[in-house]
C-alpha cells in the first residue's frame, strides 16, 4: 500500500533494541533483511525463552520492543505498566496451531474426562492455560471441576515423553515438537486452539508509552516495517520464506541451528499487517474479570493497544 | 635379664627382632624424598610382667619404638612379636599414654577416662564409677566435669594416665607420662604405678628422661643411642634396690646405677659433639 | 588400691551473681546492633519504589508485598504452598543427610574407597542440577520422586565435600589413641571422627539446606501443582509481582528458620568449646 | 655465643631407589580402579538406549551425543559457547573469592563484625538465587553485569560459610603464639589464620565453583547471546536432544577441570601435610 | 630481693599488683556456671634483668600467671605492669615458650624459628641466617626443613625454644621449656640460656618442676601454692652459687636451697592430704 511506501520522516532514533528467539527469525529481523527497516538498525541484546519476560524487559527499559501472549499483555497493563501494544505478531491459522494431545489408547475422549487429569504445558499464565480453561468452559464443565485439571509445566523436550510414559494425560504440542511427535505416531489431539477460536492473533508486540511520545516517527517507521514484513511472509510461498529464514540464521552467526525452520508453515497472524482488534483483548479481559484479577469495566480493550502506527489501518476493512 | 617379681598368667611377653623403622622425608634442599632411619636393627626381649624403662637422648627413636609396639605403625624391617604373634595393629591389650596426651577435647575429664571402658561396652554407671576411682587416684576428683582445655598441662597429663589405667590393659606403654608433673605429684604417682604393677602383673614399657625415675621404677633400663636409634645397653636394676622400704635414693647402689646410666647417655652425646663443645662441658 | 593414696583435690568455687538490669540493657543493645542491617534493608525496599528510585511495577514497596502475603495467608494458599515445599525440601535434606554423611565419613576414612568413588562424585557434583532437570524428569517422571531426588542430589555435594574434608582433618593422634583403647571401626566413627568433624559437617548441612531450597524452586517451576517455587514462577508470569516477592520472602524465611535450628543443634553438639555462661 | 656450644646434629639419609616397572604397573592398576565407575557409567549410557531400555529419542546413546558435540566443535559453536560461559563463571568465581574469603576471615575473627553482618548474610544466603533471577535482571539489566553478579552472589555463600568456620576452628594457641611474636592483625591473617584454614576454605572454593556453573545455566536462559546454558536451553526448545546432552557434558567437563586445578592448588598449599613421595 | 648481675638499659621490670584470675566453669552437676579462682591476690615485683623461676604443684596457676604477663588474658582483679605501664595485650617485647610448644604445623622447623623475625620485616636471607644459628644452638641443624609432625617431642620443644630466642625479646616467658628433654640436652641448653641472659640482660620468667633446675638457673625462686594459686614464698639464690665454676650441684649450699624449696612444696601437699595418705608418704 502507498502509505507503507512513504519516505520516512526524520527518525528521532537510529537503533531499536530487542530480544530474539534462538533458532527463529522474528519479524524485526525479517524486516531488516528485507530492507524495510533501514535506516533504523535493530540491536539484538540476547535471546529470551518467555513472552512475559520479553515484555517485562520493555517495561524495565532493557529493550524497546517485545511481545507476549495477549492475556499476559492484559495482565501487565492492568498493573498500569506504561506500555502500549502496537502490532499483532503471532497466532493461529490453518497451518499454525497448537494441539492438546492424548495417546490413542487414552480413556480421555471429551472435556468431561479431564477433571482430575494432568495437562502438560510449556509455561504458566500464558496461552495454553487460557486455552484449556476456555475448552472446559465451552463444554460446560463447572468451575469446581475445572479446578481439578492440573496444569503441569514441562520442559518442551519432556512433554511428548511425559505423555507417552503416562506422567501426564494430555500434552500441549505445537510446531517442531508436534511434527516430530506425530512422526512417531500413536497420539491424536483432544482439541486444538484453532477448534476453539478459529484463526486469530494471540500475541502482540508492545513499546513503552514514553518511547512513542519521544519517537513518534521512529515508532511509525518501525511498526510499518514490521507490518510489511508480516505481509511479505503471508504472501510469499512458504518455501521462499523458509529459505530466507534459513539464510538469515546462517548469516547472523549466533551459535544456533536452523534445524527447526523446515517446520515453519505460516505466520499465524490473523489481521492484515498485524492489525489488532478489540476482541483479541476482550476475551482475556473477561477471563481476568472472572478470576477477580480485574473489575468489571476496569479496562477497555481500546486503551491497551493502538493501530495508529500501522499503515494497514487505513487500507483495512 | 631382670628377675620377675610376679609372673601373672595372661600377661604378655614382647620381642623385637631386627626391627628398623625408616621415614621418607624431604631433602634439605627441597629435593626428592630420602629415607631417614629413625630406628635401626633393634633386638629386644621383654618377658611378660616386666617393668622396662627406656631412656635415650631426644630424637633417638623411643616414641617410634612405642608406636611399633602399639601397632600404630609397621616396622620397615624386622618383626615385633607379642606373645609370639606379630603385632598387626593396635588393640586394647596394649594401653598407651602418649607424649602429647591425646585427650578428646569434646569429652570431660571423666568421660575421657571412661573412654576405654565405654568402647568395651561397660555399662554407664559402672564405667563412671571406675573412671571416678582413677581420677581420684591422680588427684583430679574435683575436675571430673572439666573439658581438657580447662585443665592445666599437668592435669591433662594425669587424665591421660588415669585413662590408660582405667581399662586395665595387659601391657602399658607410657611415653614420658610424668614429664609435666611436679616432684611431689610425680613421686606419688610413681608409687601408685609400682603398686598397680605389683598387684596386676602388667608388662610396662616406660619412657623417661629422668635417670632417677628410671632406676626407681625399672627392673631393667634400656639405654638407647641415636643416629640411628639403637639399643646401646641394658642395665639390670637388682631386686634388692626395690624391696627395701627405706629411701632408695640414698643407697650407694642407687648412686652407682644412676651414674652408670648417666655415663652411657653422656658418652654418646660427647662422642658426637664437636671438640670445642666437649671441652666446654668438661670444664 | 587405697583411695587414701590419691592426690588431694582442689575446689575453689564461688556462685555467679546475676546482674539483671545491666544484662537486659546489654541484650537490647546487642539486638539492635544485630538487626541494624536487616531493618536498613527493609527501609530501603519500602522507600526506593515510593521515592521513584526503582520501577514500582516490578519492585513494589515492601508493605505492598506483605499485604499480598497476608491475602495469600488468609485464603489458605500460603499454607498450601509452604507445606508442600517444606515437605519436599526437608524430605530431600533428611535423606541426603542420612546417606551423604555416613558416605562422606567412609570416603574420608578409607582412602581406597575415596579413590574409587571420587571421580564419579566429581562428575556428578559438577553436573549442574538445573541442566539435569529434564533428565531427571525423563528418568523419574514428573511427580514427587523426581523433585525429591533433585533435592537429594544437590544437597549431597556440600554434605559430602565438607564431611570428607572434616574427616581428613581429624587429629591423627586422637584416632591413634582411640584405636589403642580397642575402639572398633564403628566406634571410631561414632565416638571420635564424628564429634571431631561436627563443626565442618554442620557447615555442610547448612549449605545443603540452602541448596535444597534453591533446587526446589527450580523443580517446582516445572511439573508442580503447588509449592513456593510454583507460586513464584506463576506469580512472575502472571505479573502478580507482589505475590512473587512474597514467595521469595517465604522461602527465605524457611531457610533462615532451618538455619537457626541447625545452628542451635551445632551449638548443642559443640558445647564443650565454650565456657559455661 | 659460640656455635661450638650447640648440640650435635643427626643425619642418617639414604637415597630412595626408583623401581620403574613395579611403579608403572601400580600406577596403571590405580588408574583402572579410579576410572572404573566412570567407564561403567559411559557404557551404561551407550548401551541402555541401544538395547531399548530407554527411549533413544530422549536419551540418545553417548556416541551420538559425542558426534553432535563434534559437529558443534567443527562449526565453531562449541568454542564460542564454552569461552563465553567460562569467562562468566571464572569472572564471577574470582570476584567472589577476592571479596568473600577476606570478608569471611574478618567475620570469623571479629566477633562483633560477625554479629552485625550475620543476619544479613543468613537472609541473603537463604534467598535462592533462582528466585532472585528476575530481581537481578530488574536491577542490573539483562547484560553481562546481572549474569556475573548472579554468579558472584551464589558463589559467595559456600566461600563465606566455610571461611568463617575455618577461622573459628584455628587452634587458639597458634594465634596466641603469633601474637606474642608481634604479628600485626594483618600478618596474623596471612601467616596464621589463612594457612591454618586452607583445607576448609578450599572446600568452599570447590563448592563455589560448582555453584558458579549451576547459576550460570539459569542466567544464560534469559538475555544471553551465547554460553553453554544458552546452548542447553536452546537445544531443549529446538528438540536438539543430543546437543542438549552435549552441553551438559561440556559444563560438567569444565567443572571437573576447574576442580582438578583447585585440588592441585590445595595440594600445593598443604604439601606439609603429606610426606614427600 | 635478688642482686643483679647485669642491669641493661632497655630491659623491662614487671609488677603484679593484687592480681587475681578467675575462670567461669560448669558446675560438676552440669548446673549453672561458677567462678573458679585460679590465681588469687598475687603481688610480685620482678626487677628488669632478673632471672626468676616459678615453681609450684600441678594446677596451681603458673601458666595462668604467664598468660597474664604475656597479655593473652586480662586479670579478673588487679594489674600487671611492665615498666610501670599496665599490660594491654601481647607484644614482641615479651617472648613466650608455651607448655604445648605451639609450632605452626605448615612451617618447617627453620620457618618456625624465623617467624618472629619475619613478622618484624627482617629480610629473608638475614632471618634464615639467624634462624639457622638458633636451630644449631638447640642441635637441630639437620632438621631445618622438617615439619613439626616429623619431629620428636623433644625436638619440637627445642624448635619452640629457638623460636623464642631468635627474635630477641626483652622479656622471656618460658613454661617448662626443658620438660621433654634428656638430662644431657637439658644441661647444655641451661648453659646456653644463662649465657644469653648474661650477655643480653633479658628479664626471664622460667617455670619448671625441676627443683635442681630452679636452683641452678634462678636468681630468685618463687614457690606457689594451690587452692587458690598464690605466691607462698620467694627463695633468694645467692650470687656466690652461680659465679662458682665448679659443679654447683655438689655444693652444700645447693643441697640446702634444694631442700628448702622441696619442703615448701612438700608441706603444701601433705597439709592438704587426708591423714592416711600423709602417714603412708611418711613411712
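Going in written order, the chains are labelled A, B, C, D and E, and every chain counts its residues from 1.
By our rule, a residue touches a chain if its C-beta (ideal position, glycine included) is under 8 Å from a C-beta of that chain, and two chains touch if they have at least 3 such contacts.
These numbers were taken from a predicted model, which means no experiment stands behind them.
Novice: Using the touch definition from the top, how many steps at minimum link chain A to chain B?
Specialist: Step count on the best path from chain A to chain B: 2.
Novice: Farthest chain from chain B, comparing Cα centres?
Specialist: A
Novice: Using C-alpha centres only, name the chain that sits farthest from chain E.
Specialist: It is A.
Novice: Just the number, please: Cα centre separation of chain D and chain E in whole Å.
Specialist: 47
Novice: Hey, how far is the Cα centre of chain C from the one of chain D, in Å?
Specialist: 20
Novice: Taking each chain's centre as the mean position of its Cα atoms, how many Å separate chain A from chain E?
Specialist: Centres of chain A and chain E (C-alpha means) sit 84 Å apart.
Novice: Could you list the positions in chain A whose residues touch two or more of the other chains?
Specialist: 50, 56, 60, 155, 157-158, 161
Novice: What residues in chain E touch two or more of the other chains?
Specialist: Chain E, residues with two or more chain partners: 23, 25-27, 59, 100, 142, 150, 185, 188, 269.
Novice: So which stretches of chain D touch two or more other chains?
Specialist: Only 5-8, 10-11, 58, 134, 138, 236, 244, 275 qualify.
Novice: Sort out for me which residues of chain C touch chain A in the complex.
Specialist: Listed in rising order, the residues of chain C that touch chain A are 55, 57-58, 133-134, 137-138, 141-143, 221-225, 233-234, 236-239, 241.
Novice: Which residues, counting only chain D, touch chain C once they are in their complex?
Specialist: Listed in rising order, the residues are 30, 33-38, 41, 54, 58-59, 112, 115-120, 122-123, 125-132, 134-135, 138-139, 157-158, 161-162, 165, 168-169, 199-200, 202-203, 206-207, 209-210, 213-214, 216-218, 229, 232, 236, 244, 247-248, 251-252, 254-256, 258-259.
Novice: Spell out the part of chain E that touches chain D in their complex, as residue ranges.
Specialist: Residue list for chain E touching chain D: 70-72, 89-92, 94-96, 98, 100, 102, 104-108, 115-116, 118-120, 133, 136-143, 147, 150, 163, 167, 185, 188-189, 191-192, 195-196, 199.
Novice: Looking at the complex, which residues from chain A come into contact with chain C?
Specialist: Touching chain C: residues 50, 52, 56, 59-60, 72, 75-76, 78-81, 118, 120, 123-126, 150-155, 157-158, 161-162, 165, 167-168 of chain A.
Novice: Would you pull the chain A residues touching chain D in the complex into a rising list?
Specialist: Those in contact with chain D are residues 19, 22-23, 44-50, 53, 56-57, 60, 62, 155-158, 161, 164, 176-177, 180, 184, 254-257, 259-260.
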